[in-house]
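Pasting the structures in now, so scroll down.
Shared between the two complexes below is chain A, which has chain B as its partner in the first and chain C in the second.
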Partner chain A sequence: MRYADFTPYDLVLLAQGLGVTVGLFTLTTLVGLLIAALFTLVDYYRVPVLRQVIVTISEALKNSPVLVQLFLVFFGLPAFFHINMTPFVAASLTISLNTAAFAFVIFRSGIDAVEADQVAAAKVYGHSRWQILRFVLLPQAAAFSIGPLVGLLVNQLQVTSLISVIGVFDLTKIGNILNLRTLEPFIVWTVVGLLYYALAKLLASVGARIEKRLRRSVVWEGI
Partner chain B sequence: MLEGFLLTVFACTLAIIGAVIIGALMASLRTSGNRIVRGVAFAYSDVFRNTPFIVQLFFFFYGLPEIGIYIGAFETGVIALSIIGGAFVSDVIRSGILAVDQGVIEAAKVSGLSRWTIFTKIVLPIALRTSVRPMGSVLINMVLTSSILSTITINELTGTAKIVASTTFKPFEVYLVLLVLYASLTYALSLLINTVHRRLNRAMDTGGAA
Partner chain C sequence: MIVIENVEKRFGETTVLKRINLTIEPGEVVTILGSSGSGKSTLIRCINGLEALSGGSITVDGNDVSTKAGLAAARRRSATVFQLFNLYPHMTALENITLAPINVLKKPRAEAEARARELLKLVGLADLASAYPQRLSGGQRQRVGICRALAMDPNYLLLDEVTSALDPEMTGEVLDILAELARGGTTMLFVTHEVEFARRISSRIVFLEQGELIIDMPTERFFAEDGGFAVPRIRQFLTKMKKD
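Presenting the complex of A and B:
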């Protein structure tokens, strides 16, 4: 057996890479959505200054490459602020914020998509701004947002592959290692690609199921 | 970094042209009557949209020489970028084609135009016009994606910034500038897209469609 041959242990490596990718994706999605929800709250209550800051940050994150953001966080922040940064922390931070920037826009347009008449009606009944958000806007906005949100997350799953560049041992990094050792690019990258593809399809089908449920609970069948 | 900037603009321009051509072709195939043709075109867009660009890039970069195709990193990068861009563009144009008013097609059929003429002279031009705006966000995404080309030794904007960052020991400042550069590049592109959109729709209104 040549050193360059595939070994059963390669499967273990691939599984580990897959685990890191899935784990980091799940973590950044949860954190990202949480930040996006906070951003949306700030926007909804029209908090002065903070609101403009958030919009600016979100625009900057949406209009620059994730790779550059990763470099800025991983190489830039430690050099400028003299702090320690591991690849994993840098990756989690960057992808979370990136997800948040895009999800924020989706949430906001979800809220905007609810008819203004409904909000006016709720106001007339004397409901507070919080009650309007919780009982009028949120259920409908959730149903509107879930479609674009799933699309975003499928895209963010692909984006996680970039963290391999700053040295996180995710699926792409493992692919890189196997590729350089075995010199079988077609086999290695096809397998890695298929794994990503399967994950994306899984995510999309779960998303479709959630969307169905949310749409059912919205009484007014919009659009 | 100016050289890198120009290389990014050059690579993106080539890739965008490639992506629009591939996208228009694939969209046409996806709306064809033949099921197999439709299936193949759908699979193309499905596969390339659901796998990471960096994986596709490595696939071509390391894979092509394996089968005896020796082209430079730059060419490989442009081709890979065109292919993934084409997958997204084909989706946009496809919905543009499906949105063309059935009445227009009926009218063209009644006028005795052949299927080919109807498609190339009537359906496709209308579809391209309505697709300009959604296509814009795809193209902006392509510009951002082009930064990944730096991973296969192409010294475009991100690649040169990496070099500058490591020689000046000021990574924070360099990458911040880089972020602003990309943002202005995408902003310029969005202005361009708005102009094209406005101009095409004006042509539509006055009936001056070619």
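Presenting the complex of A and C:
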């Protein structure tokens, strides 16, 4: 067997890469959504100063390339602050914040999409701002947001492939290694591509199921 | 008692309400008539605090709606029914009605639900408790809206053109309920275009014209040839309404 041949161990490598990709994606999604939820609360309660800060951060993150953000975090921050930064930490931080910025916009538009009339009714009936958020806005905003959110996450899953550039051993990085050794780019990248495709499809189908559940109780007018 | 004193409301350069004075005593049914844009709905929205006053004051049982605590207390004493129902679409009829009693009045759920079912029965919707607003007709939605208001045990019912979005048949079913409530002694401030109905149920009629309260009369006087009807503007309005 030549050095360049495929071996069964390559499958283990691929599985490891897949694991890193899935793990990083899951982690950044959870952290990102949590940050987005906090941002949404700050925005909803119109917290002075903080609100302007998060809008600025979110704008900056949405309007610059993820790769540039990644370089800034991985090379820029350690150089400037004299701290250590592992590729995994840099990747997690960057993609979490990036997901948060976009999810924040989705959450905010979900809340804005609820008719002002309903909020007026809830105010007049004496509900607190928190109660209005919890009982009137969130259930509907969740149903409005889930579709765009799943779209975002499918995209963020693909975006994780960028982290291979700073040396995280994710699926793309493993693909790169196998490609360089075997010189079979067509086979390697087809397999890697199919794995991403399968993950994205899985994500979309889970999303569709959740969406169905959120909307089970209501068929809204005008949607 | 709802006391409205010298109330002014301006939106930018436009003055919508000009020095309005009006008092609503417990047990009264006061109808506010006037053309579209005369400020009727704005007056209701000033009483329930959806609009801030530009001048003057409103108190509900002594609670000043321009203070935070006063507004909260005033909102506990009055309940609003809206032109476009403003129901929560993701909640069943029963949930729409019990949300505020449970979370604002802190009633036990079982008690709030029992009361809601009672009210739904009263308006003829006993078997639609678990229906979502989407499934209800306009008239049924507004009846749920009325139940939601009544579930707060309000001293005052504020009705903001509650039949304007309904066809005549549905209007009838909603008005029947309001007439029933009026007979039962519920205090109401009723903004409407239903002149004939207003004549039947109200104790007093108030007429707004371009933000000014030009007439405040007992119902009979309002419709009398030598009373409100003698005022050219009122005669014109009533004649026009009859034609429509």
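Just so it is clear, the second predicted complex is superposed on the first by the 217 of 223 C-alpha atoms of A that agree within 3 Å, B and C clash if a C-alpha of one lies under 4 Å from a C-alpha of the other, contacts with A are read in each partner's own complex, and residues count from 1 in each chain.
Just so it is clear, a contact is a pair of C-beta atoms (placed from the backbone, for glycine too) under 8 Å apart; a residue touches a chain by one contact, two chains touch by 3 or more.
Predicted model only: the values in this text are computed from it and were never measured.
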item: Chain B versus chain C as contact partner of A:156, first or second or both or neither; value: neither
item: Touched chain A residues, chain B compared with chain C; value: B
item: Contacts of A:68 with chain B and chain C, given as first, second, both or neither; value: first
item: Partner chain(s) touched by A:79 [first = chain B, second = chain C, both, neither]; value: first
item: Which superposed partner A:58 touches (first chain B, second chain C, both, neither); value: neither
item: Touched partner set for A:126, first chain B, second chain C, both or neither; value: second
item: Partner chain(s) touched by A:118 [first = chain B, second = chain C, both, neither]; value: second
item: First, second, both or neither for A:140, with chain B first and chain C second; value: second
item: Partner chain(s) touched by A:165 [first = chain B, second = chain C, both, neither]; value: first
item: Residues of chain B that touch chain A when the two form their complex; value: 47, 50-56, 58-59, 61-63, 66, 140, 144-148, 150-151, 158, 161-162, 165, 169-176, 178-179, 182-183, 186-187
item: Chain B partner contacts - residues on chain A that touch it in the complex; value: 59-60, 63-69, 71-72, 75-77, 79-80, 154, 158-162, 164-165, 172, 175-176, 179, 185-186, 189-190, 192-193, 196-197, 200-201
item: In the complex, chain C residues that touch chain A; value: 48-50, 72, 75-76, 79-80, 82, 84, 86-90, 99-100, 103-104, 132, 134, 148, 152
item: Residue ranges of chain A in contact with chain C within the complex; value: 115, 117-118, 120-127, 131, 135-136, 139-140, 143, 217-221
